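Shared between the two complexes below is subunit A, which pairs with subunit B and subunit C, respectively.
Showing the complex of A and B:
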């Protein structure tokens, strides 16, 4: 029961973190679009790298939640 | 904050600050890339023709002239469906539904008839049903030339069109374009 509660807390925390990362990515897209349309191409590569980093981070968080959930299920099956 | 960021990316806001041509070019580039990449990825995973040539002009219409009648969801879905039916019908009429593609075997007299009949009937039916969507002309030729002929794959083509249309509805509306959910209210005045 405690593990399930912990899992729920962890899941909520990860969800909030991913939402935050997506908002940051949205800000990066807005900045990149503004820069590109103003012909300031030097901004594009750093924003693309940062966005890719955030994408990888989100993917990592998601895979951590999935593996945590699988572990939790294994434990609960064992009793 | 999220709402303000989305608002910054809306077409009207961008058009007010930057040259129209550059804004539309970027809008087309980003959305064309994202939508076709998604369908191509689905095609790669499912090993089915989820991406095919006539999706290109459809995507162009969606993201460059979204308010044109030909770019409406109704015309797109009906247009490609008409193209599929006419293309496969033409293959049946000329007994080519099990024949290999024209690219592999060359163009025979029967293939000439199938290609001509498919395009002619697709165009005429689209006009009669008030569902003009020029890229459907490419769809019907893809089928009548034997590039895609399996009935399951024809269904996949229509599903891919529906997915692209859903993406266009989402993206265009998010960008602040008054893109219709199904059809534009006004139709071209042909009696």
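Showing the complex of A and C:
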């Protein structure tokens, strides 16, 4: 498989992974709203921390895949 | 077949050149931005939940002690007129009060003195009539307890314990 094709596959995989993380965050928001309305405040901080962690993970994946893509482009130009 | 296709194209003219395409990179950035927004919303909910002050529950007379026989119950509303509650007197004479709204899907619960339970007829849920914990059926959360006291022969509600 060519490097360009590998890059596309990696990008698609990371895209799906980020989408999954966003879906988990949506579920966390729904759980937090439910807890807030039923006044169960003990759930709120863990959901906020988990959501922030997922955001950091999403950002990390994005920056990784963007830098990988940039490296690939540089390498292609040289080759 | 060719005619059908051309009719379809006449009815729904689509110019592919005008379509806006989104690259993988743009979609990934958009999703990550959404992820950040959701994290912010979650943080905001936590701040509201931890710092928001609920209004103090009023002290309100519910009934006279003699109005309810042991094993009986009565309905009342507390802390507002929009919050249905149930006052239960067990066979020993002790009073307990709970929200009448089932924690599963908000149906109204009824007192079953023979089972010492508060039952939800919608999905056969049941709660203990002494502490409001779920006993059977789909509910997983206990009923909010209404704090009641006896004062000079009267039952008064003084607060809500969630």
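General observations
The criterion applied here is as follows: the second predicted complex is superposed on the first by the 78 of 79 C-alpha atoms of A that agree within 3 Å, B and C clash if a C-alpha of one lies under 4 Å from a C-alpha of the other, contacts with A are read in each partner's own complex, and residues count from 1 in each chain.
One rule holds for everything that comes next: a contact is a pair of C-beta atoms (placed from the backbone, for glycine too) under 8 Å apart; a residue touches a chain by one contact, two chains touch by 3 or more.
Being a predicted model, the structure only gives us computed values, none of them experimental.
Model built by superposing both complexes on subunit A: subunit B and subunit C fit together without a clash. By the touch criterion defined above, A:59 reaches subunit C but does not reach subunit B.
More residues of subunit A lie in touch with C than with the remaining chain of the pair subunit B and subunit C. In the superposition on chain A, contact is made by A:51 with subunit C only, not with subunit B. Once the two complexes are overlaid on the shared chain, A:36 sits against subunit B and subunit C alike. Of the two partner chains placed by superposition, subunit B and subunit C are both touched by A:26. Here the apex is the CA centre of subunit A, and the angle it makes with the centres of subunit B and subunit C after alignment on chain A is 60°, in steps of 10. Contact with subunit C, but none with subunit B, is seen for A:69 once the two complexes are overlaid on the shared chain.
In the superposition on chain A, A:13 makes contact with neither subunit B nor subunit C. Once both structures are fitted on chain A, no C-alpha atom of subunit B lies closer than 6 Å to one of subunit C.
On subunit A, the surface patch touched by subunit B in one complex and by subunit C in the other comprises residues 26, 29, 33, 36, 38. Taken together, the subunit A residues at the contact with subunit B in this complex read 23, 26-27, 29-30, 33-34, 36-38.
Those residues of subunit C lying in contact with subunit A across their complex are 24-25, 27-29, 31-32, 34-36, 38-39, 41-43, 45-46, 48-50, 54, 103, 141, 162.
Subunit B makes touch with subunit A in their complex at residues 1-2, 5-6, 8-9, 14, 17-19, 22-23, 26. The touching residues of subunit A, when paired with subunit C in their complex, are 8, 11-12, 14-15, 18-19, 21-22, 25-26, 28-29, 32-33, 35-36, 38-41, 44-45, 47-48, 51-52, 54-55, 58-59, 62, 65-66, 69.
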